[in-house]
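First chain A sits with chain B, and in the next complex the same chain sits with chain C.
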Partner chain A sequence: MNIGKSLILLVVAAVLTYPLVPQSSDYIIHVMTLAMVYMILAMGLNIVPGFCGLLDLGYVGFYGIGAYTAGLLTIHYGLSFWVIVPLAALNGALWGALLGAPTLRLTGDYFAIVTFGFSELVVLFLTNEIWLTRGPLGLPGIQPITLNLTWLNDAWYFEFYDKTPNFYVVALLVGLVFFIMRRMEDSRLGRAWYAIREDPLAAASCGVNILNYKVIAFAISAAIGAVGGAFYARWSMFLSPDMFKFWESFLVLCMVVLGGLGNIKGALLGAVILVSLGEVLREVLSSLGLPPESRFMAYGLIMVLIMRFKPAGFFPAIASSGRSNPLLIDLQKRLAARNVPKEETRDAAT
Partner chain B sequence: MTPLLEVNGISKRFGGILALTDVSFNVIEGEILGLIGPNGAGKTTMFNCIAGVYKPTSGDLVFTLGGKSQRINGRKPEKMTELGIARTFQNIRLFSALTVLDNVRIARHCRTTSNFFRSVLRTRFQRAEEKEIVDASMRWLDFVGLGHHALANASSLSYGDQRRLEIARALATEPKLLLLDEPAAGMNPKETRMLVDLIHAILDAGVTVMLIEHDMKLVMTICKRLVVLDHGTLIAEGGPKEVRENPQVIEAYLGRGAAHA
Partner chain C sequence: MLEQQLINGLTLGLIYALIAVGYTMVYGVIQLINFAHGEIYMLGAFFCVTFITAAGLPFYAAIFMAILCCILCGILLDIIAYRPLRKAPRLAALITAIGMSIFLQNVALMIWGSRSRPFPQTALPPFFREKALVLGDVSLTWLQLFIFAVAIIMMIGLYLTINKTRIGTAMRALAQNKTAASLMGINVNYVISFTFALGSAMGAVAGILVSVYYNTLYPTMGYTAGVKAFAAAVLGGIGSVPGAMVGGVVLGVAETLGAGYVSSLYRDGVAYAVMIAVIIFRPSGILGKSVIDKA
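Now for the complex of A and B:
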């Protein structure tokens, strides 16, 4: 257990220092940045199907809303990235709540179809409202992320055209979202969500207002997706509606399922696996003379294999971060100190 | 004295079927009331109406708490729980992927208030509340005798223990009225004896108990008063002895029901 933990820390440290190595390749940094964008999306999406057990096929809609919010605010108002992130999150949460409040009464497939429709609606809006989004022409000329520290030192004004600083910005965001997710998971809020996922009727009987908590889940999930979008806009410096097609939702959903529904670390792992797989397939498929679109078939095959051999994903455990809460560690000690006679437990089991 | 819960002419219709027809009875504070009847008599439907899962088609449910009476029919299950009506389920409905402790912690939901911001910032208030949640949960787990299993997975418990965990979860919502839907179903004689003791302990803790049960021996020994339903109508009400000798009850259990089937 401890060896595993230090191994993970070692890998994280190695990845974080990689861009500082003089021989580092821009391509690898780019792929890692992309993987981290998907980590944010996968963690955010995880809240709805993972914590609450609702199939959400329209997550990319919120990603798109966040991206265009950031892009438009940058172009028209020149706002700083650090102001835009919370604004994009709020806008995402707003649309999440607006979509969720009327539709979260639906269950299962019906809800999935509504979310799917929503994401298509977002793409149609971005394509057709040319006065706002320039439609299919896309939104070029978005400024890169800047960091204005002139209040500390007159020379400290940075524009992040380079790959490396962007890498660290997204790493910071991943860390922040991860922290928030862990805190939420081990709280009254997270427990209410898990209760809804496990058994809605029993959750209601425990006093959980199901509709409210689903809407909260949807709004927070949307806000995280929008944060991912805001970074993406300032990083790629160009947006177009076809970046937010349904396919992206499905890819993020695959990441969550692959890692384990409801497990935060699983979402991270799923993002790493599928993003790197995409890059590998790009090379392999072109060398085989296959069109790049055939990678979809490879993704499909992988999903089939996962469903067959690891239907619960790589990390099936849910509500696991609570275990490291000092309260529970303390409780564990107290329980051990009680030293329950073994006969009693065996009795109850028979 | 006003009854804790007054069931006043409750009817429940599902399309063309009348599951309950004009049922009236009272639940008096501090008693164990048994709700019995043959299969399909409408006992669980009655529970679901009281617990807020179903909205009665007509009639009134009046809940009296601290001298204040209120009409509660049609309220949502979470509102009923908040008010002080907790229930267990006929088919065990635990959050089986979570730990025993988490199952009970979720039941503290309606008595706690921490929201998203407090949870993320982990304020002093939130930490104190979390501690209170764990302590209260452990108190109820110890109460039903599952304290030492607190960190085990709920699905790893034996059947009888799962039933007791459901009771602990219901108790953790601090109810005034506890609805137990066939608590002894599937229990062995030893577990049933422990259940009887547990129900008496619940009563001593100041919680009124209403239970559906098919184990007649259990019902006759622990209930001072019984309500008998058949085909959605109330056919008898009274002490165990009266009810046992009531010809309508005997007919419902042995005669007419068998002939119809």
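Now for the complex of A and C:
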């Protein structure tokens, strides 16, 4: 294990133990929880533009579908969180497949615009179908997450009103999604997605059913977004259509792009950076006497600057995956053993 | 009632068409969805009102000054934000466009405040609210006639610019093949800036007309109008200027009829639904060429 890896593990361990420290601040736990919600979203969105190379501008629509599914199931049927998460994921995947099946034949900007229109329609639906969602009034009074272990011990029934247990629930979800993503990335599914991203024509001629794999990607991405939404509903205990505006889609997309498209760890880091940037900007700008809206102005400007100077994000996936390809490493080692100068090695690698 | 709805829809549609040509021209030339175009439209309305209230200019002079300012904004937008990204991945340019849109919208929020304000009525020619034509229950105000006239004159002007002038020929050449156009001695960046200037001028006029027509303006007005105009551009076939005009009118009428006869709650939904349906069933739009795989 090299130093970089152990450093990352150390940071993760430090973050995970932070809520147990007696002096820990509720505010920081709250921000970290929020960052982890966005981590789930960023990992989910990463599948579509990162792995398949399709721009999705309406990701927040699935987040909203998941959140309202969870909220309504909790209020009307009192289902447990652990039952709701798979249900919300299924509902997200259903809508993802319904939207994806007819539209994924489209390429580029056309697809982006369809997803954008879809998320706007979701917001309109949530705002106008008052009988179901209470519209702009929002959906208050969602029960917090509960954990019912009375089958083990009669006293073990927990309601997670506190910040700390919620933190661990979302950390669990992040870990789960991360694990699934890593397994998918290296599977037949992931390789098919990469092939489609790099060259759809070549992929099709190798027998990859492009449309099927794209619909699968879109449905999985939507399901993960819905899982994020389901947690968010039970954590914030209040939902309103305003929370699912286009701005959120843009924010999640920025996280993915900032980290480097197609790079799972990059997406995680992008979520941490942008969520903490939001918090820092809130403090800094208000201390400068600017109104809170100027935060969005700064956000917009920062995104423009990042695109200007780092259009591929901070951790481009392709370069790193090329260099870490075992075949190339092996080749370089063998060439080095034969005392071939460095320059030629690089030529051979490219 | 239907006739009145049609006239109201036509008024709205012509305004959408004015915005939509801005999207479609820029898309035709550099294949970028210029999300910030809606913000230029919003700025047009605010510049006009500011020139009237702060500088005390008469209505028509204020319109002229607002158009000039918006042209400047459009050109600056191209030079500062988009020009450095001509060779960057398409996603980078699109994110820049959305970022600029958010930036400009919030700049306007900080300068003019978030409350919606009325258009200064005293500056308007007094006959605008009077009825010009009354046929049975259908009435047409002078303001609506003014909007028709301005929109149609601008469309004809645009059509002539694109089809009959040297710079228009250069724009069309650029839309077909940028490399070949530059090899023929066309200054690519100059033509792109000119395209932005033309689109911004049309957008500014649309913003002013809307704020007079509805007697209200607010910093977030560019978002919805921009999306709808984009839907209109898609409906007409993106990249096609006559298509954008037709698409705008069709969308305006469809929206007014939908709000009048189906449900006024889903007024905005009509635009999105039309857009999605067009993209799924006929991605090249009403008048567009089949460019689906070029995108």
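By our rule, the second predicted complex is superposed on the first by the 316 of 350 C-alpha atoms of A that agree within 3 Å, B and C clash if a C-alpha of one lies under 4 Å from a C-alpha of the other, contacts with A are read in each partner's own complex, and residues count from 1 in each chain.
The rule is simple: a contact is a pair of C-beta atoms (placed from the backbone, for glycine too) under 8 Å apart; a residue touches a chain by one contact, two chains touch by 3 or more.
Note that the structure is a prediction, hence the values are computed from the model and not measured.
Once the two complexes are overlaid on the shared chain, A:203 sits against chain B while remaining clear of chain C.
Applying the stated contact rule after C-alpha superposition, one finds that A:238 touches neither chain B nor chain C. Once the two complexes are laid over each other on the shared chain, residue contacts for A:254 go to chain C alone; chain B is not touched.
When the two structures are aligned on the shared chain, A:161 is found in touch with neither chain B nor chain C. In the superposed pair of complexes, A:192 makes contact with chain B only, with no contact to chain C. Looking at the shared chain after the overlay, A:299 reaches chain C, while chain B stays out of its contact range. In the superposition on chain A, contact is made by A:332 with chain B only, not with chain C. If you check the complex, the residues on chain A that touch chain B are 180, 183-184, 187-192, 194-195, 198-199, 201-210, 216, 220, 318-319, 322, 325, 327-328, 331-332, 335, 338, 340, 344-345, 348-350.
By the touch criterion given at the top, residues 31, 33, 81, 84-85, 88-96, 98-107, 109-110, 114, 223, 227, 230-231, 234, 263, 265-266, 268-269, 272-273, 275-276, 279-280, 283, 292-293, 295 of chain C touch chain A in their complex.
Chain A makes touch with chain C in their complex at residues 49, 55, 102-103, 106-110, 112-114, 116-118, 120-121, 124, 127-128, 246-247, 250, 253-254, 257, 261, 290-291, 293-294, 296-297, 299-304, 307-308, 311-312. Of all the residues in chain B, the ones that touch chain A in their complex are 51-53, 76-78, 81-82, 86-87, 89, 93-99, 101-102, 105-112, 114-116, 119-120, 122, 126, 129-131, 133-134, 138, 147-151, 157-158, 160-161, 169-170, 173.
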